[in-house]
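The letters A, B, C and D name the chains in turn, as written, and every chain counts its residues from 1.
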Amino acid sequence: MSGSTFGSIFRITTWGESHGPGIGVVIDGCPAGVPVSENDIQNYLDRRKPGQSKYTTKRNESDSVEILSGVFEGKTTGTPISLLVRNQDQRSRDYGSIASMFRPGHADYPFTEKYGFRDYRGGGRSSGRETIGRVAGGAVASLLLKELGIRVMAYTKSIGPFTVSEKDYHMSEIFENPLYMPENTVAEQAGEYIASLMAEKDSCGGVIECIAEGLPAGLGEPVFDKLDALLAHAVMSIGSVKGVEIGDGFAAASSRGSVNNDPFYAQNGVIHKQTNHSGGTLGGMSDGSRLVLRAAVKPTASIARTQQTVNTAGENTEIEVLGRHDPVIVPRAVVVVEAMTALTLADLLLRNMSAQLDHVKKIYTPVPEV
Amino acid sequence: MSGSTFGSIFRITTWGESHGPGIGVVIDGCPAGVPVSENDIQNYLDRRKPGQSKYTTKRNESDSVEILSGVFEGKTTGTPISLLVRNQDQRSRDYGSIASMFRPGHADYPFTEKYGFRDYRGGGRSSGRETIGRVAGGAVASLLLKELGIRVMAYTKSIGPFTVSEKDYHMSEIFENPLYMPENTVAEQAGEYIASLMAEKDSCGGVIECIAEGLPAGLGEPVFDKLDALLAHAVMSIGSVKGVEIGDGFAAASSRGSVNNDPFYAQNGVIHKQTNHSGGTLGGMSDGSRLVLRAAVKPTASIARTQQTVNTAGENTEIEVLGRHDPVIVPRAVVVVEAMTALTLADLLLRNMSAQLDHVKKIYTPVPEV
Amino acid sequence: MSGSTFGSIFRITTWGESHGPGIGVVIDGCPAGVPVSENDIQNYLDRRKPGQSKYTTKRNESDSVEILSGVFEGKTTGTPISLLVRNQDQRSRDYGSIASMFRPGHADYPFTEKYGFRDYRGGGRSSGRETIGRVAGGAVASLLLKELGIRVMAYTKSIGPFTVSEKDYHMSEIFENPLYMPENTVAEQAGEYIASLMAEKDSCGGVIECIAEGLPAGLGEPVFDKLDALLAHAVMSIGSVKGVEIGDGFAAASSRGSVNNDPFYAQNGVIHKQTNHSGGTLGGMSDGSRLVLRAAVKPTASIARTQQTVNTAGENTEIEVLGRHDPVIVPRAVVVVEAMTALTLADLLLRNMSAQLDHVKKIYTPVPEV
Amino acid sequence: MSGSTFGSIFRITTWGESHGPGIGVVIDGCPAGVPVSENDIQNYLDRRKPGQSKYTTKRNESDSVEILSGVFEGKTTGTPISLLVRNQDQRSRDYGSIASMFRPGHADYPFTEKYGFRDYRGGGRSSGRETIGRVAGGAVASLLLKELGIRVMAYTKSIGPFTVSEKDYHMSEIFENPLYMPENTVAEQAGEYIASLMAEKDSCGGVIECIAEGLPAGLGEPVFDKLDALLAHAVMSIGSVKGVEIGDGFAAASSRGSVNNDPFYAQNGVIHKQTNHSGGTLGGMSDGSRLVLRAAVKPTASIARTQQTVNTAGENTEIEVLGRHDPVIVPRAVVVVEAMTALTLADLLLRNMSAQLDHVKKIYTPVPEV
C-alpha cells in the first residue's frame, strides 16, 4: 500500500535511501530453476552505475550486488531472492546546504507535507539510487524471460531536441556511444548539446524507447490490467518520466482508423500484422508483434543555476543545487526502463498461465476418482 | 489478478459483457457517510450513454442504474456498493458475420489466443460498454472527493488534427458542444471533420485532458505507486488510449531544467509554484498545484471500409465491420477519463491517511494505561 | 482492503445486505472453459437455503441465482462471473424493535463504532445471508476442482455435546439426516437436544469437519500463505466460527513427536504416509494425504430469552431477540465451510502453477531466437 | 503471491534461509514518526534467540539486527524499513545426511514436489529461523501500537499435558521461568516433562495464549477480513501451529447461546461486557474487551529416534534426525505469536482509518471552492 512493491506474482519490493547504509530489493514469486548469478545481475547494475561517462555524476559507487537468499547452486529456489548493494560514497556534507530548502523540480516539498519531515541528507527515498533495486529485480526478470525466448531492449531515442528517426536505427550502435542511441552521429551531436548545457549550468531530458520480441499473443488482462496499462504504470513510476506511449501513441490521436488499424494476414499458418501502429498490443493484450513503448524523461531538476524557492520556514529565498549531478539522466535511465518492462512482462506471463482450463490441466494431471 | 479490480482501499470490481444480461460494478472501501443517490450516478452515466449526438452510435440503451447494496437512507454504509445496469439493445444478430473473423484494431485475436475461445457476439468484455462500471464507480468517487473540496473535470483537447490551445480555453463552453471541447468554434470544425470521415467510412481519435483542483500536497506514494504512475495505469487501462502524459509530458523531454523546473514562492504563508510544467506532481506526489493529465485516444477501430484480415480458421479474407459504431469515441470517453482520475485520487487520499503517526493519533486517541 | 474480496488469482468479491434488494458475488480469475450452469450453482445454494428443516429459520427465500456475466454457451469465458440472488422476504418490520439496541453476541455495537451508524433493519452486511455469495462462489470453485479430480466435502461432526467419532463415520448417512452428520443415530439425539433448547428459548453450536481428496502435493506457499493459514483465514471468516484446526489440531499440542510425526513409505513408486496426524499438510503445503480441517461454531446469538444490554443512547436495558432464527446454524454452515475450503484450494492450485520454471515452459514453448 | 508478504497497509516481506548468508525483513507502510532503534528490535529478537535455556537448541547465533533503511534520527521516515540479521553458525555439515531423505513431519517432501528440488542444507526457507523476520517486523508493529496505548502479550498456556488454568494466572511470573508460563510451579513440572522426553529422544508441543489490551472497538473488516480471520491467518502461518481459537474457541461449540452471549452494560457512559466468552471480537470486529487467542503448537518434528521414511529416490528407508533441535519449540514461539498478533493489529488499525467520512475529514480539511 505504501507502494514499495511492484507486480502481482513476480513481484519486487525495494528499499533504501541515497544516504543510508544501502539499497536493496526482495524478489518474490520467481519460479524455481532459473539460472541466476551475482555476475548476471551486476552486468545490469553496471549499465546504470554513475561515473561511466562525462555525462554522468562523479559520485563514486561500485554498486556491487550481494545475493542474500533464494539462489542455491546457481539456480533460483522459488523462495524470495534478497539482493543488497551497500552505499559507499555517501558524503552527506554535500547536501547540508539544501536541508532547509525545497529544491524546485524535486520531491522535497510534497515529501515533507506527506510525512511531516524528511531525511534531509539528499534525495532520500526519492533519489535516483532507488532504481538500483529496480534494475537488480529487472535483471532476474530478464533471465526468466530469456529462458522463454523473450528479449527486451531499451535505448535512447532522443536527447533534448536531437532525435533518431526509426528509419535511421542501427541497433548495433547502441552500445557504441555513451548515450545508448541507435545512431552514432546523432549521439555525437546530442553529446555536444549536453556539453553546452553543462557550461550553462543547465540540463535536458529525452525520450527512451523500449522493445520486446518473442512475446506470445494474449499477455495482459483485458480490463484494468491491460498490458498497456501495466507498462504505463511501470514506466511512469520511474522518477522524471512524465509521459508514456505505446506504438504510435500520441500520433495515433491525429490519425485515421483506415491508417491506424493494422491489417492481419496469415502466412504458413501463423497470423501476422502488416503494420504495427498498435505497438504490439490489441485490447490490452499482446498481439504477437513487437512491443514498442516510449517514455518521456524531463530535464534533470538539479541545476547549479540560481533558482527561486522557499525554505522550510516558509520564507522566499534562492537556491543553487551544487554537488554531483547528471546533466541528463536519460542514458542511465535506459536500463531502468528496460528493467521495468521486463518486470511487467515476467509478471504478466505468470499471471496468464491460469487463463485457460486446458493450461491448468497441463500442470495438474487429474487424479482419477478411487 | 485477472485485472477486473482497480484500486487498493477505494476499489472497484467491474463485470459484464456487451451482449450479456447486464454490466455492473462493486465498489468496496468507500467510507461510510457519503451522500449517494441513483440520480447522482445516473448523471455521470448519461454523459457516456450512446445516442446523445450525431457522432455517437445509435445503439438504444437507457443505461439506468440500480443500487443493489451499500447505501442506506441516502448515505454509504461502508459496505460494498453494488451497481447494476441491464443491457437492453443486445441485437446480437448484428454481430453474427464477424464471429468467425479477427477484426483489425480489436481484441478478437489476442482474446482468442488467451482464453482458447471468445464470446463472438460482439466486443464481449472488451466492448466499450465495460466502461459503464468505471463511470458508475467514478461517480461515487467524485461524490467522496466533493465532500473533501476536490473537483475533477475532463474535456476534449483535440479531435484528429483539431486542437484547442490552452490560451483559448473557455471552460464554460465544454457542455455547449457535443464534443465537450473548451472552445465552440474548434468544436464546430472538428464536427465537420468527423462528418467527412463518416462519409468516407473512416474514423478518428483525439486527446482528452483532465484537471483536478483542491488536492492537498503529498498524495501519491514515492516509489512504484507515484501519483503519475497510478494515473497512467488508470487512464491507459481505458480501451483505445495509447498514450498518457502529466503536465508538459512529452514536451518536457525537449525542454531544459532551467525552464522546466517550477520555482516555488510563498504568499501569506502558503507555498505556490510560479509555473506548473510539472502538472501538479513532484516526486510522484501532488504538489498542491492543479493536476493536469492528457490521454491520447486512437481512432475507432470499427470502420465499414473493406479491410484485410484472417478468419478463425487461419485463412486470409476481407471484412467490413458494419453495425452501429461511433466515428470517434473521444466525446463519450471524456467522462471515462474523468472517472478513472477520480477513482485514482479517492484511493490515494485514503491510502495517504496513515502516512504520519500524528494523523493516526487523530483517529485513535490513545487509551491511557491502567 | 475493506475485506469483501477473498483470494488472489481465483478471487471472489461479495456484496449485499439482508434487507437490501439482493445479495451477490463477482468471481474473477476462474480459468476459461469450466462447465458452469445456473443449476450447478443452485444446487449448492439450496443446501444453505432457509426452511429446509424444523431446525432452520422460516424466512421464506427461494434464493434463486441468476448468472449475469462470464459464462457463454455453458462454459466460463475467463471474464468475471457475476451472480445475483434477489432478496424476497425482507419483512423489515420484524427488526424494528432492535434498531435502537445492541444485541449481545452480534456485530451491532462494533459495527456502529466502526462506521458511525448502521443499517438497523437486521444484520445488514453481518447477516448470515452474506454467505450466499460465498456459497455461489464456492460452487464455481468446486466445479473447477472437479475438472482436476479434486473432491471437497463438509459435514457436521458435533452439535453441542453430541459428537460423531471418526471410527463411527458413515459418509453415506450425511445426506440422510437434516443435520448433515455422518451417523444417523447421533443426529437423532442431537435433533432432540436442539428441540429442547428451542423450548427453552436457547441455542447451541457445533463442529463442522471438511475433507478434501485428490490434491497434488505442494499446494500452499511456505511462509505466510501456508495451506493451513489460508484455510484458517477462510473458515474463521465465516460468522460464528471461533476456532479452526487442521489434522489433530489442538490434540497435537499434548502429543509427542514420536506419535505425531507421520512416517512416510513408498508403494509402487508413490509416496504415502502411514498415519495422517498432520491432516494433509506439511510445512504449510499439501502432502498428498487427505486434507482434514475442523471449525468450531458458536451457539446462535439470537435467542428469544431476555438478555441484558445497552441501547444506542448508552443506557442499560433488556432485549428479547424475536423473529425467525435458527436454534443452531451448524447444518446451514456446512456448505459454507465446504465453499470456503473449495475457494482456498482453487486459488492455491492456480497460484502454484508458476512455482517451477519447468511448469512455465509447459505453457509457453520458447520461441527460438531469429 | 508467493506468500512472503503479510499485511495490507502495514506489511512485511520476509526473506532468508537457515543456511544462507542471512535472514531479513522489509517493513513497508509504517507511519512516519514512530520512535524505533536497533536496541528496541533486538529486545524482541533476543526472546526467540537459540541457546537461552536448556530446552532450546545450542545453535550459536547472536541474531544481531542491523537497520538498513527507513529510520532517520531515531524515527521511522514512512519509507521501507529494511532489517538484516546475518547467519553465523551455519554448520551445513550437520545436515548432510538428511539431504537425500524426507524427514517425517517436515516440509521436505512437499517442498520438493512444489519446486522440483530443494536446498538440502537444512530447513531452508521452512526453517524456524524464518521467524526472525516476523519477530523483527512485529517489534516495529509493537512500537507503533505502544504509541496508541495498545499492549500485546503472549505466554505459554500449556506444555504437553501441563496446563495453567486461567484462575491460576500470575502474569508477573511469565518472565521468571524459561518456558514463559504464567505460573512457576506448573512451569517446573513441565520442565521435568521436557527433560524426560529429551532422554527418550522425543519431543512435545503446547498451547500459546496471546492477549491484547487497549484496542478501540471496530477493528477488523466485517466479511473476509474479520479480526478473527486475520489473526487465524497470522498465527496459523507460523510453522508447527495446527489450531487457532479466539475466546472460548472450541469450547463455545458445546456451549449454549444463553451462556456464550456476553451481556452488555454501560457504566459512566462507557459500554462494557459482563463476560468475555467472545475473546474480544463480535461480528469479526474488536468489541472493546480484551482480545484473547490461543495457538496449538505440534511437537517438534526433529527427533533423534529412528523413524521410517522414504528417500529422494523413492525407496523405503530409516532416518534419525540428529543435530541441534529444540525438544519443544513453544517457549521460543511465544514471541512469534506475539509478533504476528501485533502485525495484524497494526495493519487493521491503519485499514480502519478510512471507515468513516468523518475520520477522513479529520485528516483532510476540505479546501473551500474558489
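Criterion: a residue touches a chain if its C-beta (ideal position, glycine included) is under 8 Å from a C-beta of that chain, and two chains touch if they have at least 3 such contacts.
Quick caveat: nothing in here was measured; it's all calculated off a predicted structure.
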Going by the touch criterion at the top, tell me which pair is linked by more C-beta contacts: B-D or A-B.
A-B
Counting contact pairs by residue number and requiring over half to coincide, which of B-C, A-D or A-B is equivalent to C-D?
A-B
For chain A versus chain D, what separation do you get between their C-alpha means, in angstrom?
37
Per the C-alpha means, the centres of chain B and chain D lie apart by a whole-Å value of 43
Once you find the CA centre of chain A and the CA centre of chain B, what distance in Å lies between them?
25
Chain C residues touching 2+ other chains are 1-2, 4-5, 8-9, 14, 29, 32-33, 78-79, 114-116, 125, 216, 222, 351-352, 355-356, 358
The residues of chain A that touch chain B in their complex are 1-6, 8-9, 14, 102, 104-111, 113-116, 125-126, 130, 158, 160-161, 197, 200-207, 216-226, 228-237, 239, 241-250, 252-266, 269, 271, 274, 278-279, 281-288, 296-303, 305, 307-310, 314-316, 351-352, 355-356, 358
For the complex, which residues does chain B have touching chain C?
1-2, 4-5, 8-9, 11, 13-17, 20-24, 26, 28-29, 32-33, 66-70, 72, 75, 77-82, 84, 114-119, 124-125
In the complex, chain C touches chain A at residues 1, 8-10, 29, 31-34, 76, 78-79, 144, 147-151, 214, 216, 222, 349-364, 366-369
